[in-house]
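Think of it as A, B, C, D and E in the order they're written, each chain with its own count starting at 1.
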Amino acid sequence: METYQIYSLTSAILFIIGIGGIFMARHFIKKIIATVIMGGGVFLSFVSFAQRDAITFADPVPHALVITGIVVAVASAALALALARRIYQLTGEETFTNDK
Amino acid sequence: MSILIDILLAIIMVYLAIQCLLTPRLIQSVFLFFAFGLGLALAWVRLGAIDVAITEAAIAAGFLGVLFLDALKSFAPKVSVKQDNLEDIYKLPRRNIKSLILPRVILVLGLALFLFIALEAVWMIPDGGGLTASAEALLPQSGVEHPVTAVLLNFRAYDTWLEIGVILLGLLGVFVAGGIKLYKKPGASKPDPMLRQVILFVTPVLFLFGAFLLYIGKTGPGGAFQAAVLWGAIGILLHLGGKPIFAMIPRWLFHLILTMGLGFFLVLGFLLIADGRTLFEYPPAYAGLLILIIETLGAISIAAALTAIYANLNQMEEETNEVEPTT
Amino acid sequence: METTSIMPLLILISSIIPGILILMLREHQVALRTFLNLSGAVAKVALIAWVFAGYMRGEEYNYYFRLAPDLSFALRVDQLGLLFATLSSVLWLVTTLYAIGYLEGGKHRRRFFAFFSLCVTASTGIALSGNVITFFIFYEFLTLSTYPLVVHRGTDDAVEAGRTYLWYTIGGGTLLFLGVVGLIVIAGPIYFGQTEIIASLASVNPTSLTLLFFLMLAGLAVKAAIFPLHGWLPVSMVAPAPVSALLHAVAVVKAGAFGIVRLVYDVYGIGVAEQMNLLTPLAVLAAFTIIYGSLRALFQDDFKKRLAYSTVSQLSYIALGVAIPGILSSTGAIVHLVHQGIMKITMFFAAGNVAETYGYKKISQLNGIGRRMPLTMGAFTIAVFGMIGLPPVAGFISKWYLGLGAAEAGSYWVILVLLISSALNAAYFLPIVYRAWFCEPDYEASKLRGTTRLETQALLLIPVVVTAIFSLAAGVFASAAGSPLSIAREIAERLYLYLL
Amino acid sequence: MIWFISILLPLLAAILALLSPAVRRVAGLLFVSATLPALWLGLSEVTGVTVQWFILETHFFLDTPRRIILLLTAILWAAAGLFAASYLKNDARQKEFFFYFGAAMAGNFGLLISGDVASFYTFFALMTFASYGLVIHVRTPFARRAASIYLVMAIIGELFLITALYLAVQSSGSMVLAGIPPALAEAPNGQFIFLLGLIGFGVKVGAIPLYFWLPLAHPAAPAPASAVLSGAMIKAGLVGWMHLAPVGLVEWSSLSLLMVSLGFASALGAAIFGLTQVDPKTNLAYSSISQMGVMTVMLGIGLYGGIPAALLLPAVALYAFNHGTAKALLFMGTALPAKVGGSWRILMWAGLGIGVLAIAGGPLTGGLWTKYLVKTFLGETSLPGAQTFLLLLTLSAITTTLLLSRFLHLLSRIEAPAGNKAPSFLLPWILLLFAGGWWTMSPALLPAELMNHITKEKGIMAFFWNLITNWGALWPITIGAVVMVFTLKFAFLNRWPTEKPLLPAGDFIHVILMAGDPVAKGLQKGLDLLQSFMKTLHGPEKLFYRILDENRTIKVSGSAESSLRRWEIFGISFFIFFMTMFFFLR
Amino acid sequence: MIHLPSSPFPALLVGLPILMATLSLFFRPGGKAAVGLMGSILTAGLALIAFVEVTQRGTVIHILGGWEPPLGILLRMDSLAAVFIGMTAIVGVFISLYAWGYFRAQETSAEGLPLFWPLWLFLWAGLNGLFLSNDLFNLFVTIEVIGISAVSLAVLTGKTPALFAGLRYLLAAITGSMAYLFGVSLLYGSTGTLDLGLLGEVLEPGPTTSFSLLVITLGLMIKMAGFPFHFWLPPAHSSAPAPVSALLSALVVKGAFYILLRLWMEVFGVSLTYAAGQLIGLAGAIAVIWGSWQALIQTSFKLIVAHSSVAQLGYLLMVFPLLILAPGVSADSADWLSPAWTAGIYQVIAHAFAKASFFLSAGLIIMALGHDRIESLRDLVGNMRITALAIGIAGVSLIGLPPSGGFMAKWMLLKGIFLSGQWWWAPVVLMGSLLTAGYVFMLLRLAFAPAREMNTFRPVPKSLEIIALMLALGSFLIVFPADSLIQFLESSGVFGSGIESIIEGGVYGND
């Protein structure tokens, strides 16, 4: 087993933890954290393949992609957080209810 | 040996991730998220992705973690008002737990199957070879020496440009979500004398370190995003210290700072098109310079956007009284 | 197929343009609206007459527009289409006059007349369409353009009726749609009259063709109000009289009946249809509907409802005629398209006149009405005789051909059905005539008097008289050149000539 | 052109009379002139024409028997028209009467001159439905009832008729009436078709068992209308039979026997029923049934074969002519006794007497001659039982005499007005008397062939002066008359009803109605049930609406949708979808 | 690929709206609207010019930065992209015009709404970028641009239901895009390329490819609200301001469909199975029935329209099973591919027009009534006849009655269904039509019904009504150029070739 494989397997696990969190977590914040964890898993898999494909240096393309991806994910998470806080501020709700 | 480290790291990460989601207390969850982010950064380092590690630590763990922490203070008080038992302040509301058991069992089952299939897919992945070779071959033409920067700002500059747009867009979204009134005066905060001292000390250091990262990005790990987070930290600190810079400067300037990264990038691209090239096809001779300018302006814009995002979120509950609750 | 002519398109445009323009007018621009309406109507009649004359000289008027592969918008002029188009356009003119009088001072007249024009566009479009797709397009267009007319009154009843109307017609439309698509998939873009295509496929793919036939038939049967798909028709009686007249005589129900005629004669071909045993179920259904509609009509006290059930019954004559192979019954079916139209429109005009002038909507109120409205009721009586099948009114001619056709085909049970239907027709129509002419008016009713010198407004009176004269003339001059019968006979002869 | 004019003139007259009071004042003249073309057609031989554009290609043409009947019809309508014009001078519904009168006249002429099925049927229907207006004219409950029964029977008749015509045309392959008898003779279902026609026209003719409307309807109409109903229009049915019957071409023994026996049953039975009546017009109506029975017999003979149509049919027509004129005379005569006073009454009684004699076949009347024709053919037929039939014919002469003398008696009971006066409608009555008398006996009407066949070169006048024949005709009449006189004279024999008919008019209908009452009630109940069933039989859309508008449906669907919105369910569906697709991708 | 004619338009199509969006930030609300509107019109004009360019020159490309794939990114505007871009331009410019008037008429919450303009222009740029993109990762970035701007737009009113809906929408969108990105990562790992064209050539079947296909499909299904992942759509679309709802329903969800279509057709040919197509079709079929049914039982106008979107998107999914050939069927005999394609495209376009019109009408009704409970639509025809007409016409197109674009779509779909022998989809199409008719005519029925109370309709700008009507008419007018449009699409090799062409190696038709 090579290093990259450890991380690529981990990435799958993280992805699944994240997706499970999105499905099962109730609090807004936790759901948002779950998306970030999910994203972390995805990025980990990118970078693990970059390491696999390293020659003189690791494959720079996945690195660049991941940097871009992280920023995008953070922007999304920030927006989600803003929405969650606004909802809480307006209604005191911190979880989804079915009728809204 | 090193494999063992990696395995340990992986286990820790998985544990942190699971704990982060399972812990009933929100504050714990946020701190575990910090830890997870650091773990992830370590993993990047282990995988030789220093740029990613810095970005992760700075933005994903750092900036986002700060946002979460900030959110905690907003979520906390109301819970305490609502509930008598202080023990339960940070506990998640639990309603009709019984009705949740069956779906959860199914979900866990599904997750397990999914995991199994995903692991198989990851394990069985053929070696695609990546693009290292072509990146290496084209690196000299890119104007920079660090391959990641070359990819980010030259080979796939389009993605990066859009990504700067996404951050701006995120800010706009936060404006919208936070109520429009906040947009008018971002970051109006109460002064805090203690903080002000700290800020006075830290600001130049952060600025210089950011500039260093930006510059080093040309040849090694570092670059616009990392620098931007550091500079963004300045903004956040200033904000916390009662110096909401964006409330102090004229609006047009604020907008200019916000948009100049994106705008310059784009205008440059249009000029290149007008010159008969394609979008972001830098003249090889000026590539390095142009990339540096873009990085700098981009970093400033991103920093401004991050600051503004934080400021808005931080501000949110202070507006509570002014906003009439709508149904 | 290469030659195209703008004429069929012009025929459609002559009513669609007034329709759209009227929609843009203001409610109070009565004169302009009336002018638009009438000029459209007159132009349409003139155009159709022109095309008719040209067609008789042997000219072809076809218009094609390719929408997509296999999906052509085709207008073709043939005799059957012209017959129906003439009927629509002439009756449109008449009905327009009537509607102007009937709705005088009413609300939403702009909308009414606009959709009225669109409705006729659809019905002429159906008449002139050259292939199943175009037919389907106009068939659905008709559904839509009549909906605002059905709910025109805007009462709860009207709206509910509109709901039922739409469920039925849209449901039928979807079935037809399915059938049409299936047909095109199997047989390619099929133009009316190209029966040889289906004929060549009949042995290859009989199951699909049978299934598709009944799908399309079901779709058409909704508008043709064949049991058990007739439910919308009596309900839509809440519409104003001119609408009912148009609905029952020309536009909607005729579209269904005309569609059945096209389906059997010009798509499948009578020979194939017979050979595949497609016609017997149709005949049985039609026969049942004839009896059923008459029975229902017998119990209605509401004047228009009785007429409506009578329509249910009468329409199936067309289907029945189509279902019996043979030149005579085909003639009967085709000519009944026209004859039923002019007779039924007369009846609805008359009912509308009575309701509009005296406010009577029940049959039990009609005692002695003939004394006060002799022309209206005279026209009505003529139509009644026609409906029963008494000569020399038009209805006799169609029934005669149907009966002869049935005898020719050896379907004696059909004759029996015709007889029972005639008897029932007499049983539910003659009491109205009896009340109108031979009963003394009730005391309070006799005090009511029309305000004008005429029995009612001239615009209400003229159409009913005109259509009654049409009904009479169609019977009396049945074998004259250019009469509906002679055209129908030519069409039928051509159908069977082709078969040979 | 003359053909059309003969139809159009009456129609025009009808419409003019309806519209213009001025025209109504000269209505008599109007109607007489309207009959002139028909009269001319009846008297001269005009070659037939084909009018292509009219209805379904109309043929106008006349053969001898129909010309005779056309002549009769024209005379009757002319006389009745004149009669009606003065008779109904002060009637409230005069214009309507004239309208229906004219229309019926047009129909009557039209059906006689048309030579194709469609126009025949057209005019037949026109006449039938127009005469409804005549029957209902007085608007009394009795008249309304009679009219309703008339209409129902007429429609039933039309239905049978149209069926017969469908089938007949189908088997002959053409619409020409002349082609139908040969075609029926050939067709395998010829007998069935003829039977249908027999029933269809039988209604009009008043054949057993379809006659019962007749004693109600004919008397209900005003006298001139009754006259044409009984004299002219009733013959339309006969003409219809003549069009269908393949006389001389076939040997349909059972049908023939049926017709003959029904005919005799009519001839005798109707007379007996008629005797029980107290209304002179009803009495006459029964007489008409009885006389039509004789004509039925003659046609029935024809169906057995052996006698060529060219001989038999003119004879039938002539018989009809005689009966028509005489019966019209008597019907119009019923209006006279109440109006005619003084010495004019002598004229009246003489005329009535002649009429009665003519019908009964008395000496020196046309009746003698026409009855002789019947006798001749009865003698010639090979139909089994011809001798019995001869006897029955004689018997019918007796019963007819009885019936008609009873009629005279009934008339005589009507109180005469004081003074010596005559109404203006006496004139057309007398004209009719003469015209009828003249043409019945005139040789002009009969084809020479028939003439030769009967009189064997002796000529018709010789026949009239033949004592033997006269005697043969006289004795049954005498018997009848004597019986009548005796029963009237001697009180113990005088059991004649005076106030109320012994049997109600229309006899059989009452049985039907009585027997039919529970049936009708049951039927009504059944129909009501059917109706309520149909009402509950909501369209499928109603069911659909019920489901759609049901609150529970909405609630369940809504909660299903909102449960899909739960994150757990989202997750579960995610995994289900994932797993399914995973296996599908393998 | 790279030797195709190059054109600056693809780059400009993405750049221009972003430039205008950026510019608009500098202005006060009124100026924002002006700049935004101008940006919309310019972008639309540019899009149309580009469309014409594609019709004349065929597929054009733009190699960004001069770096060829796989290292660089390439924008490719083939006929399919051109059609989508053109559609976006037309619908977009109408909605922009409407929004201009709509937000001016909304005095109460005028403060926040100007942000509509930069967000909308960003959204537009994202859509254009998505249609033009030929790179898996770039697609991710564009869908994120679309997602964030769409969510921001959806919560523009700041009302609680909108916020809830927006958060749900955002979380679902993130889930979807992360799933998509996971698939991209595995694909990159197994092939070393992100370019769609190259990927289609080198991709080999295997568990990894299948798994990537799975997660990508799932992710995109979530983003395009395919059943059973439609849960976020009705609340989000119904609680947004009218022009935004129109944008979201008409354009945004089509983006994910576009990617899915492209990927299935161009990339994943090797891994697809007949059964997988059937599954997607099944999801579509259920969506059609379920969405329509849900629409039928709603009581507020916008919810009806939103649920209707779920159903209409189901039709798009039903195209997929037709595009995959059953084992043993050769592409030569598969004459249903072309109708199936056409059906999908026409459904997209017709739905865009009709649904935009519907939502714009809904906005007018809210403007007039203050709410959108359908019970208050009574006597709409008497008060707002143009709007009623627009609703009617757009509804007719949704039902698929001739001669609307919806009809064309259903026609082609049914034709494809019959030709391919997969007759079991036909009843679904019909049921969908019937149910659609049900809710459309429920609206019309109320519109014609007599008013129960006093007339409470406030006057609305007629120009807005006319815009809604024009969009509705547009859903009919698109039928007329159908023949040439289909030919145009067929000229692109992608169109009509189906999976088989991928297997045979021909990806770009005019190569």
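Keep in mind that, in the parts below, a residue touches a chain if its C-beta (ideal position, glycine included) is under 8 Å from a C-beta of that chain, and two chains touch if they have at least 3 such contacts.
Here the structure is a predicted model, which is why all the values come from computation and not from measurement.
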{"item": "Given subunit B and subunit E, the chains that contact each of them", "value": "A, D"}
{"item": "Shortest contact path, subunit B to subunit D, counted in steps", "value": "1"}
{"item": "Chain located farthest away, centre of subunit D as origin (C-alpha)", "value": "B"}
{"item": "Centre-most chain, if every chain is reduced to its averaged C-alpha atoms", "value": "C"}
{"item": "Chain pair showing more contacts of the two, A-D and A-B", "value": "A-B"}
{"item": "For subunit A paired with subunit B, centre-to-centre distance based on mean C-alpha positions, whole Å", "value": "12"}
{"item": "Gap in Å, rounded to a whole number, between the CA centres of subunit E and subunit A", "value": "27"}
{"item": "Cα-centroid distance, subunit C relative to subunit E, in whole angstrom", "value": "42"}
{"item": "Mean-CA-position distance for subunit D and subunit C (Å)", "value": "37"}
{"item": "Multi-partner residues of subunit C (each touching 2 or more other chains)", "value": "163, 167"}
{"item": "Shared interface positions of subunit A, touching two or more other chains", "value": "8, 11, 15, 18-20, 22-24, 31-32, 39, 45, 49, 52-53, 61-62, 65, 68, 72-73, 75-77, 79, 83-84, 86, 90-91, 96"}
{"item": "Sequence positions of subunit D contacting 2 or more other chains", "value": "565-566, 568, 570-571, 574, 578, 582"}
{"item": "Interchain contacts, given as pairs of chains that touch", "value": "A-B, A-D, A-E, B-D, B-E, C-D, C-E, D-E"}
{"item": "Complex contacts: residues of subunit B adjacent to subunit D", "value": "100, 103-104, 106-107, 109-111, 113-114, 117"}
{"item": "Subunit B-touching residues of subunit E, taken from the complex the two chains share", "value": "6, 8, 11-12, 15, 18-19, 22, 25-26, 62-67, 70-73, 111-112, 115, 118-119, 122, 125, 129, 137-138, 141-142, 144-145, 148-149, 151-153, 155-156, 158-160, 163, 166, 186, 188-193, 204, 206-208, 210-212, 214"}
{"item": "Subunit D - residues contacting subunit C, complex", "value": "52-57, 118-119, 121-122, 125-126, 129, 136, 139, 144, 147, 151, 155-156, 158-159, 162-163, 166-167, 169-170, 527, 530-531, 534, 539-541, 544-545"}
{"item": "In the complex with subunit E, residue positions of subunit A that touch it", "value": "8, 11, 15, 18-19, 22, 28, 31-32, 35, 38-39, 41-42, 45-46, 49, 52-53, 61-62, 65, 68-69, 72-73, 75-77, 79-80, 83-84, 86-87, 90-91, 93, 96, 100"}
{"item": "Residue numbers on subunit C that touch subunit D, as the complex places them", "value": "163-164, 167-168, 228, 231-232, 295-296, 298-299, 385, 389-392, 396-397, 399-400, 403-404, 406-408, 415, 419, 422-423, 426, 430, 438, 440, 475-481, 483, 485"}
